[in-house]
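The following blocks contain the structures, represented as structure tokens.
Two complexes are shown next, each including chain A; its partner changes from chain B in the first to chain C in the second.
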Partner chain A sequence: MNTWKGTRKGLTIFFFLFPTMLGILVFNVYPIVLNTYISFTNRNKFRPKPDCEVFFTGLLDPLCWPQFRQNAQGGLGQPYRLAEPLFANYQALLGKLFSAEALMALGKILLAFTPLIGAVYVNRRLDREIERPISSGGVWLIAIALVVGLGVLLSIRAAFNQLMTTGPFIIVVLRTILFVAIRVPLTFVFGLTLALILNDSRLKGKTFFRVALFVPWGASSVAILMALVWQFFFRQQGTINQLFSQIGIQGPIWLQNPVSAFGVVVLADLWFSYPFFMVAILGALQSIPVELYEAAEVDGANWWVQLQRITLPLIRPAVLPATVLTSITAFQMFGTAYAITAGGPLAGADTPGATEFVMVYAYRQIYQLQNYGRATAFAVLIFIMLFLATLYSLRITRITKGAYES
Partner chain B sequence: MIKRTPIGVRVLQYTFLVIAVIFALYPVWFALLASGRSGGRLYTLSLPGMFFPVDWSFENYRFMLFERPYLTWITNSFKVASITTIFSLVVCTSAAFALSRFRFKGREFFLIFLLAISTFPGILSLVAIAQVLTAVGLFGKHLGLILAFTSATLVFCTWNLKGYFDTIPIDLEEAAQIDGTTPVQAFFLIALPLARPALAVTAILAFMTGWGDFIFSSVLVPAPDTVKLAVPALYSLANSVSVPWGQFAAGAVIVVIPTVLVYLALNRYFEAGLTVGGVKG
Partner chain C sequence: MFKKVMPLIGLLLIASFVLAACQPAATPTAAPEQPTTAPAEPTTAPAEPTTAPAEPTTPPTAEQVTITIWHQWDGKYLEAITQAFKDYEASHPNVKIDLSKPEDVANALNVAIPAGEGPDIIGWANDKIGEQALQGNIVALNDFGIDKAFLESVYTESGINGVTWMDTIWALPETMEGIALVANKALVTEEYLPTDPFAWDDLLAKAEKFYADKGIPLICNQGFGAEDAYHMSPIYFGFGVPAYVDEDGNAYMDTPEALKAAEWLVKLKAVSLAENSYDICNAALQEGKVGMWWTGPWAIAGIEDAGIDYTIVSMGKPFVGIKTLMLSKNAVDRGKAEVALDVMKYFTSAEVQKKLALVNKTIPAQKAAIEDPEVAQLPAVAGYGKALAIGVPMSPSPFSSAQWGPVGRASAAIWTGAQDPQTALKEAQAAIVEAVAGMK
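The block that comes next holds the complex of A and B.
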């Protein structure tokens, strides 16, 4: 620990933290404040200009600050004002979510998924016992069966359709959650399988496979260009359909069908994201002592039991934070979907397309439709969701544990 | 001893690996093939042409490099990404030093606050950032873009560097302080050289933020051609009416291949230098 105390220590800390604080303040905190304010105004394509006479606009919009006024662009357009009613943008997004039927539908859906949460708790209880009556896979199977049963019982499909009519926010968020729920487990299983194979010390050509399988991670830093390559594969005249025509089949128009377009985005995003999981799991696997497997062999445990009882529990601490972070980045995925489908195929004028995930929706609202008020209201809602999810995941994964305690 | 893997399992493992390698490499290989095909065709109708370079030529590369402002775009991208890297290393190292080597009130709060605030979607704060930059007259200039990129890297790189600094024992610095250096000197002379893996990884990820970004650069530096960056310029090329696919592919190869090579070369560092659970999915 440092010997410095008092004012000298305080000044040193301030001096070294100052640039970061300034950057965060200008480029993170201020945008959040301004966005929240704009979400209560009617700013859009026709009303792009600030009205500096309004107190909050004059205070928050940088173009109103005296020393910068000469930089404000002139031109056409009306000044934006506070929305009437104040929550108009939120109402447009959430629509009739707060009606009795919609809340009923939401409640039904949440109720139908409760067995999954139950399974987590039951498994945690059972883990403390020495002889488990049911394996964790069994508990999950029962839970999933319960979910399906409850789903049929509560007519969950109708509930979903009911929710879908309440406005774009729910549609976009549910689609994005569906995307995360498909893509993250898929990436995990693919990465885990590859890591398990590559961890075998007697495998020939291991280095080659490791390096070759790592390539997409390098390419993912310029995701938007590689995503265009994926789009080319699945065009009507694309590589896949050409291969089909070689064997005499007329290929489908992949990107015009909502389901297959969704699948293409999942596949392309899997390509970008599995190497990270593979590397993370490989690192965790190498830290497991071989003696554990040898002991398990002696006890006659087969491959599947070893995977369940040794491998998975021991890589958990390393892999759980990675999974949580991946889920949050998958939720915010933009480049892949935007480059492949641009949110399409579109269903109607004001209905989000089949692959219009949260960021694509926000991007289109701002930069194509210039619907600032609605887009910023959307941003505020998403921020609240992600903020809570992040705090919760920090708690369950304890990524920060040890990082600031001492 | 673990018993030998049965031959059937081995065959299955190799089959899976080979399929995975094809899945991993074909998109990049496809871009390479398309970049060497003359004319505006992205596809070839011959089956071998989809997998092997049949009539390879460097025409597209020549065209992109000498008859388009592509060299300017690449230079711009390189300039912006390098300056971002330097800025972000300097700022983050100093913050990480303070957070790792001093205990003070509000330290935990600051660390958690950084994480929480970074969940606000970048695409959406861009409107406000564009407005600030317009107000101070940096909109459409590289400096504005560099500042935005630097701030976008702050949270991750501060956390990552701080995590690594925490693993370097402080005893060495304390010994140096007994010999008469200040804590700051001791840190920069002793701990910083030891943190090279983390600095390298952080630098690469900061560089890639600038090099591969699409949204920030297309919004903050929209025009003219002389200041554009490579990725948004290429993207708009791909979306233009008569698309010169071969040229687009050549441009993409020039942007993508260096990043792939850098990642492959530093493959090992990624395990050592990353201290936060992960970077990206």
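The block that comes next holds the complex of A and C.
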């Protein structure tokens, strides 16, 4: 009797869990396994067919399953096989990343940025003291000075250029990280400034400005169109250069220079994304009790001190998740970059272009070159990288919890 | 015990139902096609769609057949072409022709064809033949009564070569295309026109003089600065590169001829627009902001509409592409091959192409059409005829698809100065070699 109850309980649990488990298996696990398997094959547009005799292909490729077998393409092409050597696709992507020089260059770059991590820890230590010997801004300034100093000392530019010749993966990822590192702080500063202005009680016509400044966020639903408008601004014969020619200056060709093309994409994406930060910060600002500022006034704190000591710490719980979210969307940047530059200016037959970010590169490998083996290997590498980043970001978001509780 | 097993059995039953629901994907998607196309003949066994293509089509008389064509025809071109298909529908009341132009044909086909969807006829350039045959999206026409003798009786030699790969006929040729310089006579006087299609230094000198005299570029080419190996072809081939990649898969981008062409390109950039596109060149020519537009017959109708007095001058050796109609694997599976083939023969016939040439200024690939005096005296046909005669035919071999990306990207990098010609061409060569290796 007792055992029957146990089985029944077990079955009940099983049936409640089964649909979800099935969903996870079919929609998460299977695609990941298939993708990883394809990344070890030489599948491309000339080898579209599966060779069902190979054990794993027969098991994993849907076209080998009896239900779909008769749909498999005929054609004269050879079936795809395991790549030789097995890691060929990964080798092509990583290139010389694991050579001594490249690793050294990577180490140098990481080393140069360690003072920033140090600053976080020093600040945390100092926060526990009653009387801070040095303000947190001061610590950051010293850290940034150290980064610059180390950068010069280790000739970080040369190291960066060294890395840029290793292989497509590191080029694309470094460029994307650079994009995130420039775009997210810019968005924050811009969004914070506008939110502070909009939150000022002396401002008249607040509703109008709030709506007007929120328009880009709405426009991002037609992002491609708006991106084309931005592209039009910066064409050789575009609006900006027309304005320049009015005052007798011949404008540069923005989209054919790697640096200015990158800048244009950053600018356009900044325009699309600042409203998100602005609204998040504005909401947080309005939840700060006015008494705090009044008390600060009584203590004789000026605007800057109030911003540092009251505003910024109190909006942190709202800003941190927003930062994580924006960083993720910036990392996935595709539409704006593709519409404005299509990954260009092109830098050569096999070298990724100056704005060829992770998603743009993946798009080209799959949809333009139909190089499935290479594209899936790229996806696996990005997955590993993002998995590690997510583990780390979970640690960051725990700070939010602390801010709410204490 | 029995109760214990019951849920398991139930589960297995559900699983088998789910799988059974997937199963029909193959057969019944083809089957519903049958009732709509053949309501009179429900006996034509939808069970084996792959083996029964011949039966239902032999009498293509009574039942209603819809032929779907995926094509690449644009804007003004399409009007006359649609009319031609309407004429066919009028004379064949049982046939309905459905024209559509998907965004990304290559990917759309790879999804649609294995699922039993998609077109019966694909209108595409002949360089796609090898690739599509490898993927199994198109079928050889030899099995449907098209032979060399028939081709020779209707089409020009270059048209026939363009659709034949590995001694097999894969498509029917429609028109020929290539690019040449289209000069605005109001701006470009005799002294600036190139005299010899291979006098590159002379053309460069004329472009420099034109720029100095009038302050505007002489030549606009949408391939300058863009990923566009097609529009760069007259320059590379004109300097003596035999092909980007030949039928055996040998690449020629690291040759001294290619380097010379790239160096010439760098010099020409100084007197050209930095950014070029179809729209920029079109607008610039019509507004008199550029002297000549290096483009193909497809642009002529628009230029004539704008009232520009033009002349066509051949320069270098352009790629000669053959626009073709291919028969998809699905037309065969659905039993529509014969009707589809009839539509293809109709559209690529001399009289239809003659009509289209007169309106659209296209260069027909039919002997009777191109030799027709009315067509031959068209300025576009006469002008492009010369350019195409010295051009390099596009190869239907699958290696063709290895050339576009590498050569286009390298040329763009050379144009913007991101890479010097030597490095760029070396990288392009390596990329083509790698892509060819991926096919072998």
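One rule holds in what follows: the second predicted complex is superposed on the first by the 366 of 406 C-alpha atoms of A that agree within 3 Å, B and C clash if a C-alpha of one lies under 4 Å from a C-alpha of the other, contacts with A are read in each partner's own complex, and residues count from 1 in each chain.
Methods note: contacts are C-beta pairs under 8 Å (C-beta built on N, C-alpha and C of every residue); 3 or more make two chains touch, one makes a residue touch a chain.
Here the structure is a predicted model, which is why all the values come from computation and not from measurement.
Q: If we overlay the two complexes on their shared chain A, which of chain B and chain C does A:228 touch? Say first, second, both or neither.
A: Touch partner of A:228: chain B, not chain C.
Q: Would you sort A:258 into first (chain B), second (chain C), both or neither based on which partner it touches?
A: Touch status of A:258: second partner only.
Q: Output check: A:46 vs chain B and chain C. Expected answer is one of first, second, both, neither. What do you get?
A: Touch status of A:46: second partner only.
Q: Once chain A of both complexes is superposed, is A:345 in touch with chain B (first), chain C (second), both, or neither?
A: second
Q: After lining up the shared chain so the two structures overlap, which partner does A:11 touch, if you call chain B first and chain C second: first, second, both or neither?
A: In the superposition, A:11 contacts chain C only.
Q: Of chain B and chain C, which one touches more residues of chain A?
A: Of chain B and chain C, B contacts more residues of chain A.
Q: Per the contact definition in the header, classify A:63: touching chain B only (first), chain C only (second), both, or neither.
A: both
Q: What is the contact status of A:368 with respect to chain B (first) and chain C (second): first, second, both, or neither?
A: second
Q: Do any residues of chain A touch both chain B and chain C, and if so, which are they?
A: 63, 68, 71-73, 237, 367
Q: Touching chain A in the complex: which residues of chain B?
A: Residues 1-5, 13, 16-17, 20-21, 23-25, 27-28, 30-31, 42-43, 45, 47, 50, 90-92, 94-95, 97-99, 101-104, 107-108, 110-112, 114-121, 123-129, 131-132, 134-137, 147-148, 150-152, 154-155, 158-159, 162-163, 166, 170, 174, 177, 183-184, 208, 211-212, 214-215, 219, 231, 234-235, 238, 248, 252, 255-256, 259-264, 267, 270-271, 276-281.
Q: Where on chain A does chain C make contact in their complex?
A: Answer in residue numbers: 7, 11, 15, 18, 42, 44-49, 63, 67-77, 235-237, 253, 255-258, 342, 344-351, 367-371.
Q: So in the complex, which bits of chain A are touching chain B?
A: 1-4, 9-10, 12-13, 16-17, 19-20, 23-24, 26-32, 34-35, 38, 61-63, 65, 68, 71-73, 184, 187, 190, 193-194, 197-198, 200, 202-203, 209-226, 228-230, 232-233, 237-239, 242-243, 246, 271-273, 275-277, 279-280, 283, 290, 293-294, 297, 318, 321-322, 324-330, 332, 334-335, 339, 358-359, 362-363, 366-367, 372, 375-376, 378-379, 382-383, 386-387, 389-391, 394, 397, 399-400, 403-406
Q: Across the complex, what residues on chain C touch chain A?
A: Where chain C meets chain A, its residues are 4, 7, 11, 19, 22-23, 25-27, 50, 104, 106-107, 110, 113-116, 131, 133-137, 225, 227, 273-275, 280, 329, 398, 401, 405-407, 409-410, 412-413, 416, 418-419, 423-424, 427-428, 430-432, 434, 438-439.
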